[in-house]
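The structures come next, written out as structure tokens.
In the two complexes that follow, subunit A is the common piece, with subunit B as its partner first and subunit C second.
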Partner chain A sequence: MSNPAMTQSAQLEPAEKDQSQIEQKRMIADHFERLARAKAEGKKVVYTFVPGNLTELIGALDMLAVLPEINALQSGMRKKSAGYIAEAEKAGHSEDVCTYVKCDIGMLKSGNIGPTGTKLPEPDLLLLSYTGCFTFMKWFELLREEYKCPVVMLHVPYQTDGEITPEMREYIVRQLKDVVIPAMEQVAGKKLDMRELSRRLQLSHRAEDDLVAVWESARHRPSPIDGYFGGVYYVGPIFSAFRGTEDAVRYYQMLRAEVDERVRRKEGPMTPDGPAGEERFRLVVEGPPNWTSFLDFWRMFSREGATVVASTYTRVGGLYDKGFRHSPDEPLESLADYCLGCYTNLGLPTRTALLEDYIRRYEADGFLINSVKSCNSFSAGQLVMLRELEKRTGVPGGFIESDLVDPRYFGKANIENRLQSYLQMLEARRGRASA
Partner chain B sequence: MTDSTASDPAAEVLARCLALYEDMSFSRVRRWKEAHPGGLAIGALPIYVPRPLLEAMGCLPVSIFGGGDQLDVIRGDSYFQSYICRIPRSTLELAMGGQLDVLDGMLFPSICDVIRNLGGIWNMLFPERFTAYVDLPQNFDRDIGGRFYTGELRRIAAGLVGRGAKPPSDEELRAAIRRENSRRRVLSELSALRRREPWRLRASEAYLAARAGSVLEAQEHEAWLRELLAALERREARAYDNVRVVVRGAFCEQPPLGLIRTLEAAGCDIVDDDFQLGLHFIEGDIEEDSSIDPWTALSNAYLDRGVATSSRYIGEATKGDALIESVRAAAAEGVIFAAASFCDPALLDQPMLEAALDRQGIPHTSLKYAENSGQFQVIREQAGAFSDAVKLWGSAA
Partner chain C sequence: MRCVVGIDLGSTTTKAVLLDEQGRVVGRGITNSRSNYEVACAVAREEALIAVRFTLLQRELESFADDAQSWRDQLHEAFRLELYRDQLAELEAEVAVALRALTYVGQKATLEPAAREVHERMRLHAPELFVVGAPRKSDFFRDLAGAAFISAAEEVSREQNVPYERLVGLFDRAVLNVETELRRRDFGDLLARAARHVLERGTSGEERKRFESAVARAARAPIQELAFVGTGYGRQTLPFPKEAVRSEILCHGRGAHRVFGGTRTVLDIGGQDTKAIQVDGHGVVTSFQMNDRCAAGCGRYLGYIADELNLGLHELGPLALGAKRVVKVNSTCTVFAGAELRERLGLGERREDILAGLHRSIMLRAMSLLARSGGVSNELTFTGGVCKNPMATRVLRELVTDSYGEGITLNAHPDSIYMGALGAALYGLDDVVAGRPQVLPTFALDALTTGA
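Coming up: the complex of A and B.
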């Protein structure tokens, strides 16, 4: 699954930009420029996934990361995904499977032009971090067929019972030491400097502290952030190529300061149409957003005064608000714990408990599930979670269905109707409670 | 003795297998429990779980394949969105209808995210029941993946002991491994017979015979299989002019029996398939030698000799090599991809396997099904056209 809106195109963004957003745009532009020069400069390129990404390791070996999930979501936002998916289906890929994969394959078959309009460099290594999603494994098997480059697999066990056992950690650390790092060193042509890895993990830690403070700010009324639509921008740097860099530390300091300022001024979040109006509903959202109609989708909420105070999608590339931080003191162990803790790597009971906690902690009026057709990892079991959460919290849940990047599965009118009826129901409920 | 038994020596044992297949109330499992007081019946979702471990602990492993085409799914549907395959919803329907009450626990192997999440659903809906996720390693180094996997086996065993199963001694575990090997040797003999004389043992019959192993202990299953093998030798059968095909993709949610029979009726001799894959998952014997720790033997078998299926990471080997090898070994003329609708592992694998077949000029066709599909006319026409084309031109075109 994943992820954040590392977007290049101004019309896809909220009307007014914060300084942090301008900074993020610069960081992304720099990264893509580095990628464009990579082959000429002899830099090695590693394709990997957002959940369980080993960015600090990639950076410490002086390699550059490409995240195909982000390319797919970008293609969705830039209205290219329908064509790419059609291309992949024409080449024999089933209409039943994850559309991120098909979007990526279609993009590759159409020349591999990335979000900035330049051709993406081919991978020197496919780093298969198998965390929380079975499809990842098939995705990189498919890419290996196309690129004929080495693949290295990191199998991350599933946290069924919400507990990381020493055996799980040891299994990952052993893979890192004996398989993953040697394979990466071979491609990088250099040895890993553990001090450099630790330095980067320290930087990650700092950025993570600031990100958690940003999530926490949603406890204020009004919430100064939208933790879903706005949230996907906030996680952009930390979920992708920037965790463990000074850039990311600076970005999160800046973001935190802006959010603190909005708290001080009792302002709500930014929306696609400017600053939010009155906060009428506080929602928690489970499931990824739709990217092909991202702004339309957001407006369905923002125009009704609905702010998302917390979301699980923004935890797929790392769950920090329960206390985990990357640690320079135990580098490999902390990378292991990070991979194990990504949201979709958690058992359904743990996911449900997390949502319950968000509903209570952020005093949500309701919670909504956006169930996407593509993603069994997220979606299988959501209806059980819905029932369970209603039972535990007494807060009513809503359910809508769409897809990540296949516009055929985004029924705008239908989703809008459902959402409006849901919000009306919340309103009526509130009226009854105060009567 | 019925008329058909008189004319077909295999009819009686096959009828028994069919009765087990159709028995959605798991009465055989109930009978086993009555005969084994204190024994636990442990359900297992497809594909692979280490059955000898369960048997060594006095447990009956029961393979659960959803509700097939005999179950109306009503409640199960309200727990899953329409774009998710059918097996989790019918499995849930069985549980909610009480048919799975006979089970003392459930194992959910790591095949795909749907089965994985179904394990979580089980935890939430039936918190009092024993539920364990079997995290099969995707690292196949004995010292890394093997260590993790033996740890998993011990964790699951400890959980079962907590529910009253007896801790397995090494000798009991070895004995269970021997029984499993012995059963699998007969299964291999049946597979060889099917490849040699597919008209003597039809795929739909072999399917029923293997499937009986879902609710029988290895030793009893072996006895049934031997009975079948002996009967088949006496069976009068004549060769058909059919096309020899391999079927792939049906390793989890099973195709309805009617679909397998439809392929046969359309002129296809299915000489190799991945139905009931759990029983065929290990190639060759699990080590039985007393010098080898039996836990390690179970793990080694999974690591070194697990078949190349789509839920297993194919590291260095080329995708499709194993399929081509199967086609050659079975002297098949083509491949039919038959996968459950919305089955991510099978459907994501398929383009790679198709490409490998294309490189070798091996004809193939593909279809999708649900376990409760009832109309096979379109499939019959498609398979018929495929077999005709292969027969006439040696290609699917």
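Coming up: the complex of A and C.
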């Protein structure tokens, strides 16, 4: 389904890096080191997904998280996904299956070597804490067969009417108390310390405040951030194993300071080719990026002076800019709200309203949908949203198609053609409006 | 004359349109894209410049001749014949090169006289191709010369007992060089030669003088190209600066709207792209959808089917019109469609009926794109190479009526293939009017003489 970037090998990285990015790289390296030592040190390992992840709970029980989606997108960026997908197809998985799943299965079949080159430890528990994506369930079903380890499932009701009712929250809290936490405690071999959980939630809250300030900075002209391509780096720590840690708090403080500095200097974001040139187009983007040609894809935007001021993909691990915060005072309730509030757990009207808000709030010239073949949770209904948004805002929408990690579905010439046509259309319409 | 140039580099054909400063079309050219976009671009522009000179010539003729149009048409056909003769001579020279490259002396000895005879017959029959008012299947030298060569080679190989395939092999090698090598042509000389032939046919001394000086003026008139805009699949390879390149989606929308002012939706089916485009009242694109990842449903699909049936692309549509029923073709894949075609033929289905089904299959894909782009609300203009196919147009009309009702106007004009180049030229004119600085492209064939 969805996910942020954690590491990249040297040749895949942008020309210049911010200090925060170097810090993030260190954090990730440390995490994979810890994972490599986990079995020797008797640490328990939990595999889980980004949307609705219960990182603070995993951390409070002194366990380590592995995120298969992130491994898959990493494999995509490191040009390994094609081979992994072929491996999975050889094992009988259809061409139509989500490519994250196939990439992960293929990686497993190829020795389970993680993005930093060390072997990933096998899971002691598969924690399925978001069921809005049906594929997640199937994915863990497959992993359960491979690893012969327990799965614990948290059923998350869909937000049909765009709001979280007290019953929905209560339903999740009850599952946490009665099923999920006991199962985790059993694997961890210890009882959950609620004070430790609250302490971690407090740290989450602080990092989340800083992240929101970073998103908000895109209201400046030029925007000091790219909220999609740059954004996937920004959400890396908070969507994954680092939420609720001092590391994450420090990272977001650092990031916020860098962004504030760029605002002060009236500078645009960093791009794969160095600091951005003139900001010609401000765009809002819906849908995940393509990972196999991530930097090429980014350059298609940055070289045309197109900056993404907001994206929904960077909200899959939490809609913090809409006010949600993890709360040390209501630990389980806030975890429940977090799971319920994933972007893909929202109905089309809510998603449309969110995009509309971004288009207006960040004064976008246009909005673009990258419809990925792999993910029905994202893609279903996107054209309906496009038409509705055009009607409501008068801002023209664009539509491109690619995939998450299957390079066969990234047609560079076709995508470039569509994107350039779209940007030229914005330009032509701008000319018409001022004529 | 001062003009702007729009060039549409499609995957199959390259088109050029020249507009004068008032935005009137003064010249058009088309050529097959081959593998060399730069040459294709240069040839299309050259063709368009020739057309401009004929526009100028017509204006000259109108000033004194009663039947200016008829004179112009005669001169035009005579000009094309002269050009064709020049190209035949180039072809013959290339065939000679190919013959020299043959390794076996014996082979050379039999093929040489046969090739000479083939060329003799091609020269003899050349005038039949350029009769005013006669239908011509193609304007491309490759097609015209290819058909003539094949028909002569069939006779000669029989008469002289030489292998037909060997002869045709010579043509295939030679024509490639004729097509891809840029050659200097003297327009004034060609036109003067053409004029001599036309004027031989009973004109008085005084009249003749007036014609000759009109021809000379048209051939010599300076043509200044103020701006170039390139578009189409190969636009990135054009020798144009980035500012002079526009997306073909914008250009097709603009061009179609220019020709049919009521257009709000454009369907463009080219060689490997299908685009559904919505435009506003000024021809500016408001939304679009295009095919993704696969060229099934594009012109290439028909090209593939034509190859499978050993037919010319232009023959498919007329043949399909003769269908008695429409065979359902389910395939969404070009290659599978070919397999399905063979299977259906094997089952005894009529070729016409299967072709009708294949046309329907293409247009159904186009309908899906149209729907996704926002549908059709009033006037739909069909552009791109496939719009020249009468069956494609007929099926589109039926499907549009089915989906959007009776009231939809469908424009499909044979010249719709030029819409992209026209739109590009219109954007070029915008640039000139707005006083935007122009960086003119460098053409490999600027050496080529376009004037006298």
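The criterion applied here is as follows: the second predicted complex is superposed on the first by the 433 of 435 C-alpha atoms of A that agree within 3 Å, B and C clash if a C-alpha of one lies under 4 Å from a C-alpha of the other, contacts with A are read in each partner's own complex, and residues count from 1 in each chain.
Operating definition for what follows: contacts are C-beta pairs under 8 Å (C-beta built on N, C-alpha and C of every residue); 3 or more make two chains touch, one makes a residue touch a chain.
The model shown is predicted, which means the values in this text are computed figures rather than measured ones.
Novice: Could you tell me if A:Arg418 is touching subunit B, subunit C, both of them or neither one (first, second, both, neither)?
Specialist: So A:Arg418 only meets subunit C here.
Novice: For A:Gly381, using the defined touch cut-off, is the partner it touches subunit B, subunit C, both, or neither? Pick first, second, both or neither.
Specialist: first
Novice: Tell me the contact category for A:Gly83 with respect to subunit B and subunit C: first, second, both or neither.
Specialist: After superposing on A, A:Gly83 lies clear of both subunit B and subunit C.
Novice: Tell me the contact category for A:Gly277 with respect to subunit B and subunit C: first, second, both or neither.
Specialist: Neither partner.
Novice: Just subunit B (first), just subunit C (second), both, or neither: which does A:Glu167 touch?
Specialist: Only subunit B; A:Glu167 stays clear of subunit C.
Novice: Which partner chains sit in contact with A:Val97 here, subunit B, subunit C, both or neither? Use first/second/both/neither.
Specialist: The answer is first: A:Val97 touches subunit B but not subunit C.
Novice: Among the partners subunit B and subunit C, which is in contact with a greater number of residues of subunit A?
Specialist: B
Novice: Which holds for A:Met137: it touches subunit B only (first), subunit C only (second), both, or neither?
Specialist: first
Novice: If we overlay the two complexes on their shared chain A, which of subunit B and subunit C does A:Pro396 touch? Say first, second, both or neither.
Specialist: Touch partner of A:Pro396: subunit C, not subunit B.
Novice: Using the touch definition from the top, say if A:Leu348 reaches subunit B (first), subunit C (second), both or neither.
Specialist: first
Novice: Which parts of subunit A are in contact with subunit B and also with subunit C?
Specialist: In subunit A, residues 383, 401 are touched by subunit B and also by subunit C.
Novice: Spell out the residues on subunit C that touch subunit A in their complex, using ranges where they run on.
Specialist: 246-250, 273, 280, 282, 284-290, 292-293, 372, 374
Novice: Which subunit A residues qualify as touching subunit B in the complex?
Specialist: Residues 91-94, 96-98, 101, 128, 130, 133-135, 137-139, 141-142, 145, 151, 153, 155, 157-158, 160, 167-168, 170-171, 174-175, 178-179, 347-349, 351-352, 371, 373, 376-377, 379-384, 388, 401 of subunit A touch subunit B in their complex.
Novice: Which residues of subunit A touch subunit C in the complex?
Specialist: 383, 387, 390, 396-397, 399, 401, 409, 411, 414, 417-418, 420-422, 424-425, 428-429, 432
Novice: Taking the complex as given, what residues does subunit B use to touch subunit A?
Specialist: Touching subunit A: residues 78-81, 83-84, 88, 110-114, 116-121, 123-125, 132-133, 135, 137-139, 141, 143-145, 147-148, 151-152, 155, 310-311, 313-315, 319, 341-345, 347-352, 354-355, 368 of subunit B.
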